[in-house]
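These notes open a run of structures that come right after.
Presented sequentially are two complexes of chain A, the first with chain B as partner and the second with chain C.
Entry: the complex of A and B
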């Protein structure tokens, strides 16, 4: 019985727990509740994934109202995969957050932190699981509004302006999204994504549909921080509390990439729409600009969190590039990179969180000599960094391999070269940090710096093991990503 | 081009552009929030206009009514209005906090202060 309602529980459990955290009004108890809820959500997501692998897509009619009139929750391979990514990161961040948040957030606001954290999680899960284009907007705003609050909890006053800027740009993005949805509703008279998918192709050459696609693409690009719409991201990641940065960097932009895939491939029917509107070429160009441009900027950053934020921008470029390649290898590479980048970036930001916990700064000079004083944290950083570069035996290698293969299948060898070049640029900025941490002597009087507490190191360790395990044996993730890509594109080439 | 017949949609475009312009051009954070709100209101009018059925009345369940406007966009926009209010409230709350932290709500003055930080 309860198995039938798993899609609803996936969203409802964190959504109900969020106000409960406000009622509890106590940091530690709210933390314990968040811990239980996020691990429950993770278990639910795994159960859904197994169900989908076993018996195909799940359709759940919310409140018993049959689609397309009622709101449908729909879990296909891609959605189940993204749910597992979001909930696994969500579950790993909570144990990490206990020590980190106590250090970085005012103690009377800690229970509010967990409230917003759970709201943001339920928003992201809702975006992923819903099969209704307008419901998606509502969840998008739930997750966005709570992430503005989470960012503004940072101690630095620049966190406030970063949150404000994100609020302005995020709202413009979401509003563009509803304009686009309104236009396709005007033409088709439906909001259900599966229903839209069956009705839109017949009407695809009307100007309203073209405008809708343009609005949707720009709106979602703002949310996923595609160059040149990325201006909100670097400061938001740099000045938010580290636990928030870990969570948002690993999930929020990834879910936006998922929405882009959903809109372009499911709603608009994928490759066919590219012949009418060259969205793929635009996204490919912008994706490559992100990959190179953001990496170049990252090289010159002195704040390590900001450096990693720019590196996130360049990694988002890979995912968008994979989406724009429009063949199974490319799209599967993009999808698997959502998973891989979530693992590696969460590990990197957690390592930075451990450093901030002990050192109290994330300036690159403060890292001097940390290779000796915090060996485990820095080892985690190096593993994450190697994955960013795309070194063999790490997850980064797998996604790059498939992206390059996808580019070569299309005969686009310059794109493959850009992918390699971006990896080399990543090598430069990761090396800068490694050099300071391992080869520069630590400043005098820093002897009291020790390894971070275990509650922070264990989640970091789990992510590092995942970075290597899924780099060596990528069959599980690649099979899922390929199955999702085949479902989206329709057939194997 | 049928300008008078598409009167509503022209107003939508004008409202959206006014709002968008205010968001971009104004340096005052409160004005930015209001610009954002005008921009959203433009979208609300867009949805409500598209629901209109020629000759239709309000969608009320009553024996005498046969042609009525589409109620679904109305309901959608009710949700969007709530979201808009929440966004505006949060934005204004952030402006209050920014004023506490910087002593100003003018974007250029905030930027000069941030430029002095390391």
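Entry: the complex of A and C
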């Protein structure tokens, strides 16, 4: 019985737990509730994934109203994979957050943090699981509004302006999305994604559909921070509490990439639409600009959180590039990079969180000599950094391998070179930090710095193990990504 | 059991080194390469340790005669390196050296390009610690340059192998040949590590900056790994003959004017690599045998020479030719071993260089490469000059510098003695070495013609020195060379070398300045746009961001409507 309602529970449990946190009004208890809820959500996502692998896509009619009139929840391989990514990060961030949030957020607001955290999680899960374009907008707003609050919880006053800018931009982005959805509703008379997919190809020549696609791509490009619509992201990540940065960097932009894949491949019919409209070439060009431009900016950053934020921008370029390649290897590479990047970037930001917890600063100079004082944290940072570079035996290598294969299959060897070059740039900015941490002596008279508390180190360690395990044995993740890519491309040959 | 790569013995064994102390550590470290050598001897030809990875089959252990002989000599070199550096207290270079050697050995036994790439990068990353271990600003910078170039070689290898895999669907590391862009890139990657002309500077830059023991390790593995890879992938590629010939000739001029004796050895190392590359380019069975045999004996005598110069540096604190001299009184044994090494590199009959180099020369002559043969002869004479005479002469004889120091420590002497013994043993009884070469050997080194040719060459070189000594012009002062003026024999070749440098020096300098300037300008431009105050990194206000949204929307609309 309960197994039948897993898709609903996936979203409803965190959604209901969020107001409960407000009623509790106590930081520690709210934390315990969030811990239970996020791990439950993770278990639900795993169960859904197993179910999808076992018996194909699940369609769940919300409240018993049959699609396309009622709201449909639809879990296919891609959605199930993304659900596992989001919930696994969500579940790992909570134990990490206890110490980190107590250090970085005013103590009377901690229960609000967990409220917003659960809301944001349920919003992201809703976006992933829903099969209804308007319902997707609703969840998009839930996750966005809660993330504005989360960012503004940072003690740094610049967090407020960063959150405010993101609010303006995010709202415009969501508006663009809903305008686009409105236009296709005007043409097709339906909001169900599967229904849209069957009706749209026949109307692809209509001006309205072209307009709709333009609004949708721009709106989603903003949410996933694709160059040049990335300007809100660096400050938002840099000034938010670290636990928020970990969570948003590893999930929010990834879910936006998922929406982009959904719209372009499922709704508009994948590779076929590229022959009419050069959306793939646009995305490919912008993706490569992100990869190189953002990496170059990252090289010159002195605030490590900001540096990693720019590196996130460049990594998003990889995912967009993967989806623009429009063949199975490329798309699978982009999808698996969603998973891989979530692992490595969460590990890196967690390491930064550990550093801030002990040192109180994330300026690069404050890291001098930390290689000896916080060996475990810095080891975690190095593993995450190696994954960013794409060193063999780490997850980064696997995704790059597939992206390069995808590029070469289309004969685009300059793209392959750009992928390699961007890896070299990553080497430079990761090395800057490694050099300071391991080769520069710690400043004289520095206060005694110990290793971060175990509650922060264990989630970091788990992510590092994942970075290496899925780099060596990539069968599980690659099989899922390839199956998802085949579903997306194969259904519209 | 056979699926265990031999190099892992050193790599995994290295991890325990920092935990051990004193004699236990010494014995443990000596035992590691010996255990590895015994294990390698026990391996039967075949392919073991296959692993599925991303849809390709990795072959961690591929045993055939070519990989086995390189395995033997690499383990031997590792044993010499450990013995020579036994008194080293710093565990960082000791651990790094073992990982480095293990990586090189595993690379030799790798049967596919992906595992080759992994170990290729591992040798690059681990070996740089041997340079950094000197802990000076200069060595840090040299190591950084070395690391960038070595890692770059790995990245090019990766790029090449991906293209190659996409072309052919195979990642097997067998004969590659210059047939596609992929294999061409792989050749460039090998060429960087093999110090091809114009790709060679890292070698002379970095090796002399390493620690006393570190240079001995470095001289044995990196470039010989590249020689192995070339011999495996590109035998008979004609281009390699010309590259090899250039390599044998040009370092001689620089070696003659160089003052740092370890750097002189680095140039002669480059020159010796040229012989091997030429042999690979000729590609006949005899040439390849000669290449492998030369790599084998070369590792021994080059390590011996670097060890003797290392011992001098260790005892006197300097390795500048102009500050040394007369050390034979203080370090007679070291001087003796150095002369054995010098005789071997000069290919005196009855020393190891003779029985291997003559194979390459004979192969060149019998395939009708007359010009090649001639240049190789010239290069042999040059080697005799700068490694055979200059090194021992400046360090141990020449004018007395007044330095009085102790003889080298026992462990260094023991390492040198073993290497010197091997040099002579191989020279006198080449049979056992010939027996383990990749192809059956039908070659007798000690024919009248070979011995007479070689002796003539050496005698005429000596005659040339005598003649130069009689013509009493002093050699002109050259940059960084600050030598005593009574050393007259430096005249003829230096004059020639100076002419060479005078012509090509400014071109080289200008090219480097232009490249550096251009690079600086590029970085400056990048900084202007991407630096903290640059347009792309500034905190933009909301209006600005909205502007970009409108621009993008307009852009998409235009494109979709066209």
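Rule of thumb we're sticking to: the second predicted complex is superposed on the first by the 489 of 493 C-alpha atoms of A that agree within 3 Å, B and C clash if a C-alpha of one lies under 4 Å from a C-alpha of the other, contacts with A are read in each partner's own complex, and residues count from 1 in each chain.
We take it that contacts are C-beta pairs under 8 Å (C-beta built on N, C-alpha and C of every residue); 3 or more make two chains touch, one makes a residue touch a chain.
All values derive from a computational prediction rather than experimental measurement.
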Query raised in the report: With both structures placed on chain A, which of the two partners, chain B or chain C, ends up touching more residues of chain A?
Result: C
Requested in this report: Identify the partner contact of A:204: answer first if only chain B is touched, second if only chain C is, both if each is, neither if none is.
Outcome: neither
Query raised in the report: What is the contact status of A:401 with respect to chain B (first) and chain C (second): first, second, both, or neither?
Result: second
Query raised in the report: Which holds for A:168: it touches chain B only (first), chain C only (second), both, or neither?
Result: both
Query raised in the report: First (chain B), second (chain C), both or neither: which does A:8 touch?
Result: neither
Query raised in the report: Touching A:145, do we find chain B (first), chain C (second), both, or neither?
Result: first
**Report entry** Contacts of A:160 with chain B and chain C, given as first, second, both or neither
**Finding:** first
Report task. Would you please give the residues of chain A that touch chain B in one complex and also touch chain C in the other complex? Result -> 164, 168, 172
Requested in this report: Sort out for me which residues of chain A touch chain B in the complex.
Outcome: 134, 137-138, 141, 145, 148-149, 152, 157-158, 160-161, 163-164, 167-168, 171-172, 175, 178-179, 182, 185-186, 363
Query raised in the report: Which bits of chain B are touching chain A when the two form their complex?
Result: 20, 23, 29, 32, 36, 39-40, 43, 46-47, 50, 73, 76, 79-80, 83, 86-87, 90-91, 94-95, 97-98, 101-102, 110, 114, 117-118
Report summary line: Per the touch rule, the chain A residues reaching chain C in their complex are 164-165, 168-169, 172-173, 176, 207, 210-211, 213-215, 217-218, 221-222, 228-229, 231-232, 234-235, 277-279, 282, 293, 296-297, 299-302, 310, 391-393, 398, 401, 404-405, 408-409, 413, 416-417, 420, 423-424, 427, 439, 474, 478
Report summary line: chain C residues touching chain A in their complex are 54, 114, 117-118, 121, 140, 151, 155, 158-159, 162-163, 166, 181, 526-527, 529-532, 534, 536-537, 539-542, 544-546, 548-549, 551-553, 555-557, 559-561
